Every structure is written in structure tokens, then in C-alpha cells.
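Letters A, B, C, D and E name the chains as they come in the text, with residue numbers starting at 1 for each one.
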Amino acid sequence: MQKSVNLQVNQLYLERGDRDLCQDLTFSVTSGELVRVAGENGAGKSSLMKALLGWLPIESGQIEYKGEDVTVHRDVLLADQLYLGHTPGIKTVLTPLENLRLYCPEASLQALEQALEHVQLGPYADIPAAQLSAGQKRRVALARLWLTDKPLWLLDEPFTALDHAGVLALEAHIKTHLDSGGAVMLTTHQTLLTLSAKTVELAAA
Amino acid sequence: MNWTWFHKLGSPKWFYQWASKWAGKLVWIGLLLLLIGVVWGLAFAPADYQQGNSFRIIYIHVPVAMLAQSCYLAMGIAGFVALVWQMKLAPVFIKSVAVVGAVMAFIALLSGAIWGKPTWGTWWVWDARLTSVLVLFLLYMGVIAIQNALDDQVFADKAVAVVSLVGVINLPIIKYSVEWWNTLHQPATFRLTEKPSMPMEMWLPLLFSALGLYLFSAGIAMWRMQTEVLKRERKANWVKQEVMSDGI
Amino acid sequence: MNYTSFFKAEWLSLLRRKQDTLNALLFFVMVITLFPLGVDPSSEFLAPAAGGIIWCATALSVLMAVEGLFKEDFNDGSLEQWLASGLSVSVLVLLKVLAQWLMVMVPLLLALPVLAQMLFLPWSSLLTVMGSLLLGTPALFLIGAIGAALTVSLRRGAVLMLLLILPLYIPVIIFATGAIRAAQLQMSVSGQLAILAAMSIVALALAPVMTAISIKASVN
Amino acid sequence: MNYTSFFKAEWLSLLRRKQDTLNALLFFVMVITLFPLGVDPSSEFLAPAAGGIIWCATALSVLMAVEGLFKEDFNDGSLEQWLASGLSVSVLVLLKVLAQWLMVMVPLLLALPVLAQMLFLPWSSLLTVMGSLLLGTPALFLIGAIGAALTVSLRRGAVLMLLLILPLYIPVIIFATGAIRAAQLQMSVSGQLAILAAMSIVALALAPVMTAISIKASVN
Amino acid sequence: MQKSVNLQVNQLYLERGDRDLCQDLTFSVTSGELVRVAGENGAGKSSLMKALLGWLPIESGQIEYKGEDVTVHRDVLLADQLYLGHTPGIKTVLTPLENLRLYCPEASLQALEQALEHVQLGPYADIPAAQLSAGQKRRVALARLWLTDKPLWLLDEPFTALDHAGVLALEAHIKTHLDSGGAVMLTTHQTLLTLSAKTVELAAA
């Protein structure tokens, strides 16, 4: 089944405290597109993601998903996205396998183990996440990307703490996702190694 | 029913201008009535045949105790409005009224305690009414504390709305429970519920001071709300103009 | 994520730290011990006060148990994932509270007969005490969840949370101890127990919604 | 980092969340309210039990206050910085506890006269109660710090910590309430108060070292 | 005053649980040297730093600092180093300025403000750190590097969450430090932009 994404953001105006994060920001994310939100530290990249998800108030502007206006009710958008933030919701008392089972209850055990293999966590599947290194913890969350069929991925700094091989593997997987009609919106300060992206620039305040 | 007033009230600008007109008047009229009531009560009303002059504290105690309860009720309603209609002004209202209410509850406790010493021989008893005022005071402190603790305005507004609403649902439950608790367990030694049949010349000043206190507090709350509205809408054009014209 | 996998993961997390369960119980034991030590160890004093002491100890144990209910979920980003999942946050809250309730209350109820003996609680009232705990503690947990959600973003919110929810605990405690006292006087207790049940039902209807609102507001 | 800048920063952090201070006090108020409500509101019951109730409430307030003493420092990496600073961790612990003690106990002692009235504590014993609190609470805070450090690396250590430190609180509570009871009987209290002071001094000598060891073990 | 560093690690053997992190690891860090600890996620880079600081037990091996054996007592080493870990000890209730004042009590207010300027936090000096973005929080900790005179810096993933300009500024500052006789041991998965480093490789388990 071909995935389809069509997110339209029109003249978005966000603020945080007294600072304007963006004014009249207009961009779109459609099937097959990789959109990179760029901007220096504190520019408002994470805030933009949260605003799209409906967790921060929007001063003005409009968000459309698949032709529907979702500025007020985000249900249609929420149903189609997978979001991984700075802290991606990994329980440190649970093992990687148990964490995945929480987020991907439909997947078979075999699929879960395969996903862990993809992020090089095979041997760590049954060790509590508290005992993993910074990068390994991060990988547990990323394994979800190998198990989902959501078309729109929202990834806030997904490459943080990943080693070189990890970055390459993730980029390759993003590529596959884009080719199958999905779309990805991500933030990162690192240069992309193999992917090319459409850039949405958040100007400094 | 015509709802325009309701929606207008939701507009900070409209409220600000409306309050500018009324707040000052309310404060002064209230103060005047309060003064009349208290002076009349303290100086001219006849002394109580049982309690002598100590009963005169009633002119402070009762209005303050009534207001303490009314404030929370109003906050609870505002909490509901804030959660259901997301009205911008409702959290401002809660924030402003909470302090007034807390002060009133505190004065009620204090004046009651001061009154209790000569009449009951003790500052405090675990009577139903006293206990429920104490709990009310704690509820106020909860609202104030949570709103000071949260830096994020949006979260703080939701939080005070939730606390006010939940608290107001619990108020009658608390009231009922303590009344039931104390009457079952300990036949109340001191009954506050039976109103001493009061002669007119005692009752009228009470009415004056109660009315005065309500108006006065409403005015004060409106002032506080105005300040808060200015702070929150500092980016809006009308606020800039307002501040300019005030020459601050 | 779906409701079943969520409940399973919650349950598993609780089991993983099962010493915590044991500890809620031991805290309960300690408060019950502290009281005779600090105040008066005689049976004339303790027997009539036993119901009240047990309920105060329960309320404090529940407070301890729910105090940090969402803290870890906030810090590790799970709350964001709840919101992003599209599931009803109220239901998730309810499931979480349910898991917690089972984990804390079952051992507590099992240990109660022994502890009640230490406070000289008459056997005849033991059943009422247990009934009141069964019917009343859901309200305590659910109310506590609201407080936990409101204070989740604060670094040391425990005490503020107590301030917020203890006033709401008071009616529950009053009716529960009222029932126990009535039982000790051989009076009918069904009225008070019905009120306790009603409180828990009201809490069941309202608290998850309020908690969900607070959780939603905490993510930003 | 040096000791002065450390103490200043601690103090500032406490002031920043000054509502927490107020709240420790309010928690104290609440426990004191809970007892008459849950057990018995009559002055015949409360007056003799007042000293014990005040001490139980204090112990629980202190527990709440110290429970998460090092949690934040653990999560944000401050503990690592303490160790890396080359300063004596025992002294840092002592300073932190001192700041906390001042912040919690000063308002509590100021409010005590009013609260004591609500429990019908005779005026004549008030001074003894205050003295016992002044002399005894340092021990409570210091012992609490050991527990807080031991459990800091556990994700939900609160209850485990209680289990560890409550047994150590019991002697303090026994001597303190003993002194108060003696005061109510017009007997001499200096002996018990001296023992309390001795306990605090021993705690002062031992607890920071033990706490420092636990902190060191938690970083890895 | 010229700084001087001379750290010698001989035949270090570390393990974590059942896994060997390194066997017979020998390397040195001396004045003017930038040493990069490399290895994939979970290789043991952070663990190595902690072992040097004395927070993890050393199975066998020996550590020497300025000719002294510090395998058991690290005081000499501790006195000379500045360590910034994955979580660098920033108090979120305090402002950046107050945080710096905690760690650098000797510095004048002007020096503190200058350090904050260097990490682009000038306008944020008086905002509680809780309200900063991920990268800005990180910068608060890094500002300490502009205020210290410790010769040996131990930096665990210092570039995490930093934007491009931030990475450049930090690298430039590290360069200055090296030139003045200091030494830096760091871990990072990103490629260094302007610096060249001696690499200590932790082989995968």
C-alpha cells in the first residue's frame, strides 16, 4: 500500500514567552519529501514540532492535513504521525524488547527482534535500558521506525548520540520510507550524509 | 438569551475598559458602606446581653466568613468556564480572586479565634464550621501555591482552573462531611448554626458592612485583574496605547 | 501503543521494582508503629483510635505511592508519546492508576489483619475496616493522580501536591473512620460505606479527565 | 566551585522554589489537621497526645523535605560535578542539609505556637516542644540525608528510603516525646533534651560521611 | 603561566557487568594534545572517562599523572581536570549566570557575562535554565570552559545538541586551550571540523 502525506502549514506565527519564533512561516510536507527544519540553538525547531502536534498554542496561522483544516482539532494528523522528541519515551526499567512491545503491540516477536537487529541491539534485547549507553538508549526508540507504517515521521534530533554506522543505517531507512511514499520532517545540526532535504529555515530572533 | 455580554466579557480589552469605569467606584462605595456598618456596629449598636461587647467582632467576622466562601464558589465557576470555553479572562479572574479569598478566609479564622477566646475560653475547637473554613483556607493556599510554582503561563492557567473546579466540587462534600462527623461523634458544644435572633439595630449594620465588603472586594479584584490583563496582553496594540496615554 | 500493551508495560514496570510495593506496605507498618511509640502504647488509647490511625496511615501511604506517579513519564518523554499516540489520555491515566492500586492495595489488605491486632482493633470491626479501604482508596488514588499530574513539571513537587490533595482526602477519611466507629458501636455502617463508594465513583468519572487536562498542559 | 558558592547556589535554589518552604509548613498543618479529623477532635484526647502528634507530623514533614534531597542533583549530573570538584563531599552534604534545615524549620517553628493551640497543647509545655524540635530535628535531617543518598540512583526510591531511615527516627521521637510528656507532668526535661542534643551531634559527625560514601557509590 | 599535563594510562582493563570494555589499553594525554576516544555506541567511552575519574572500578592497569601513581588516590588528577559529562550539572531553576557563579566563584561578574557572550547566551543570562532549548542548556555548561584555568579537560560528547556555529566556537576555544599548554580528552561521534586529534580506539566487544 502506497503511503500518502500532504501537510500544509500556512503563515504560522509562534511565540514563546516574549520571543517570536516564527512569523508567516509557510511550508508543506508531502509524500516522498524529507523536510529539514534548520536554525540555530533556540531558534524554535523543537517548538515548531510541538506546535504542529498541538502542544503549544499557535498565535495565528493555519495547518492543513490532506485537505482538512486541522488547526484546531489535530486528530487526523495525530493518527498519521510518529513523533520522537529529545527524550523519546523509553522506560529505563524495561528492556529494549519490552519497550518496543509497548509501542508496537501489533508486531510479532520476530518482527520486534528484527527491528532490534537493525539498530544493533540484538544482544541487548533483554537487558534493562538503564544499563545501556547513551547511544544505545537512543537506538531503542529509533527501532520503532522499523516497525511502524505511519506515513509521517516527526524526528527531533534523531542522530543525537548515534555513532557513524548508526547514522548511516537510519538515513538508509529514512530513504526507504520516502521511496514508499512516506514523508519525514526532522531537525538536526549534523550534516546529512547520504540524504538531501528541503530546508525550512527558522530565522534567529 | 442574549450571550453577547458573555463573549464581550471574554475580551480582555472590553473588560479592561469596563473595569476602568467601575473598579474605582466599587471600591469607594464599598469602603463607605463598610465604614458605616462597622462604625455603627462598634459604636452605636446595643451590647449583647450575654456576651457584652465582645460580640461586636461579628461585624467583621460574619461578612468576612461569607465572602471567603463566595470567592471560592466564584473561582470554581470560573474554573469551569476556563476549561470548557477556554475563556482568556477566567484564569485571570481566578488568580486575582484567590488572593482576596485567602485573605478573607484568614481573617475569618483570625477573628473567630479572637472571638472564641472570651466566649469559649479557647482559641480553637474542632467544630464543623471552623474546620471547613480551615480546609477552605488550605484550598486557597493550594491555588496560590500552584500558580506561583509553575513558570509556564499556559500550564499555570490550566492548573488553577483544575484545582478551583475540583475544589469547588469538594466544598459541599467537605462541609457535609465535617458537619456529619462532628454531630455524630461529639454533640457540638458550641453551635454556630443557630442564629441568635438578632434585633434590627444589630442586624442592619451587619447588612451594611457585608454589602460594603462585597463591593469593596469586587473592586479590588477588578484592579488586580486589570494589572494582570495588562501584563498578559502587553503585546496588543490597545495595551501599548493604554500605557502611553497613562504616561507610564 | 494500545491500551492493552500500555497496561502490560505499566504492570511490568511495577513488577520490576517490586521492592517498591513491599515498601509501600512497610511505610504503612512504620506509621502504625510510630504512633503508639510517639503518643501512647496502651490498649485503652489505641483500640478506639485504631480505625483512625489505620486510615491516616493508609492515606499517607497512598500519597507516597502516587506522589511521583507521572514524574518518570514526564522526564523520559513518555507523556509526549501518550499525547502523540492518539489514544485517550483519560483512559491511559485510569489504567495506570488501576495498576498502581492493585500493586499497593492488595498487599496492604493482606497484611491488615496482623497490623490491626497490634493496634488492638476488635476483630468484629476488621471487616468494616477492610470494606472501607476497598471502597474508599480508589478515590484516594484517583484524586492523588490529579495532584501528581499538576505538579509533574516541578522539580520537588511532592509537598505542593500534598497541599493540593489533602483537603480532598479529608471527606474520604471522615466517612471511612465514621463507618469504623459505627461498627465499633455495633451500629449500621452501610450508609457510610455507600457514601464512600459514591465518592470513588464520582472520582472515577471526573479525576481521569482532570488528570488528562493537566498532563496535556504539562507538555510544552 | 567552592563551599561558599555552593551554599549560595543551594540557598538560591531553595528561595526560587520558596513555595516549597511554605508547603513543608502546610504539610505539617495538614498532618496536624488529619489527626483530629480521623481520630478524635476532643480536647481530652488531643491535649495529652499533642506532643506526640506534633513530633509525628514533624518527622513526616522532614521525611517529605529530605526525601528527594539529591534526586535532582543526580539527574542533572551535579553529583558528578561534586565529585569532580575535588571538594569534600561530606562538607557539601552538610551545607546542603543546613540550607534545607533553615528553610524548613524556621517557618515551622514560627508557626508552631498557633498549631499547638489547635491541639490544645498547654502553653507551659510549648517551650519544651520547641526545644526538642530545635535539638532533635538536625538528627532527623542528617539521617534523612543518608537515606536520600542511598536511594538516589533508584528511580523510585522514596518508599525504600523511608524503610531505611524510619527505624533511626524512632529513638529521636521517643526521647523527644518523652521530654514533652515530662514537661506536661511538671518533671525535669533536661536529661531527655541532653540525649536529643547528643543524638544530633553524633548524627552531625557520622551522617555526612555516610552520605558522602553513598553518593560516591551512586555515580557510575 | 604555561599549563602542563601529563597523563599516562597503562594496560587498563575495564569491565561492565560481564562485558570487557577494554583490555590492555595504553595511551597518554600530554600538554597540547587533543585525544579523541573513539568507538561505537556502547563501546565504553563514557565508562573510560568515569574510570579515570575514579567512579568505576578498574580491573587492572595503572594510571599515572605527572609522574605520580594515581591509580588508587586521584586527588592530584582531580585537582587538575574539568569534566563535563552527558548531563553536565546545570540546575534548571537557576539562571545561566547563577549556574556559572556556582561553578566559577572566583570569576568577576564581567568575566561571567563575557563567557556567556562567548556561548551566545548573553540575552538569556537571567532566564531560568528550564526555559532554554536543548542546545542552550548545553551551552551553559560549556561556558565554564571560558572561565577555567584547569589544564586537563575531559569532555563527554561536548558537541551534542550544538549548532554549527556553536561547534566552531567550541573547537576554536579548544585550540586556544591546547596552544596554551592544556590538554583535552573528548568523545564525539561527529567529525571534528577544524581540529585534528590523536585517536584512542575502543574496540567493539
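Everything below uses one rule, namely that a residue touches a chain if its C-beta (ideal position, glycine included) is under 8 Å from a C-beta of that chain, and two chains touch if they have at least 3 such contacts.
The model shown is predicted, which means the values in this text are computed figures rather than measured ones.
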| item | value |
| --- | --- |
| Label of the chain whose CA centroid is most distant from the centroid of subunit E | B |
| Chain pair showing more contacts of the two, B-E and B-D | B-D |
| Euclidean distance of C-alpha centroids - subunit A vs subunit B, Å | 48 |
| Subunit D-subunit E separation of Cα centroids, rounded to whole Å | 37 |
| Chain centre separation (subunit C, subunit E; CA means) in Å | 45 |
| For subunit D, residues that touch 2 or more chains besides their own | 17, 19-20, 23, 26, 30, 33, 37, 40, 72, 75, 155 |
| Residues of subunit E touching at least two other chains | 86, 92-93, 128, 131 |
| Residue list for subunit B, restricted to those that touch at least two other chains | 135, 138, 141, 145, 149, 154, 178, 181, 185 |
| Subunit A - residues contacting subunit E, complex | 17, 39-44, 46, 86, 120, 124, 131-136, 138-139, 157, 160-167, 189-190 |
| Contact set on subunit B toward subunit C in their complex | 83, 135, 138-139, 141-142, 145-146, 149-150, 152, 154-155, 157-159, 162-163, 165-167, 169-170, 173-174, 176-178, 180-181, 184-185 |
| Subunit C to subunit B touching residues, read off their complex | 143, 146, 150-151, 153-154, 157, 160, 163-164, 166-168, 170-171, 174-175, 178, 181, 199, 202, 206, 210, 213-214, 216-218, 220 |
| For the subunit C and subunit A complex, residues of the former touching the latter | 1-2, 4-6, 8-9, 12-13, 16-17, 72-73, 75-78, 80-81, 83-84, 86, 216, 219-220 |
| Residues of subunit B defined as touching subunit D within the complex | 122-126, 131, 134-135, 138, 141, 145, 148-149, 178, 181-182, 185-186 |
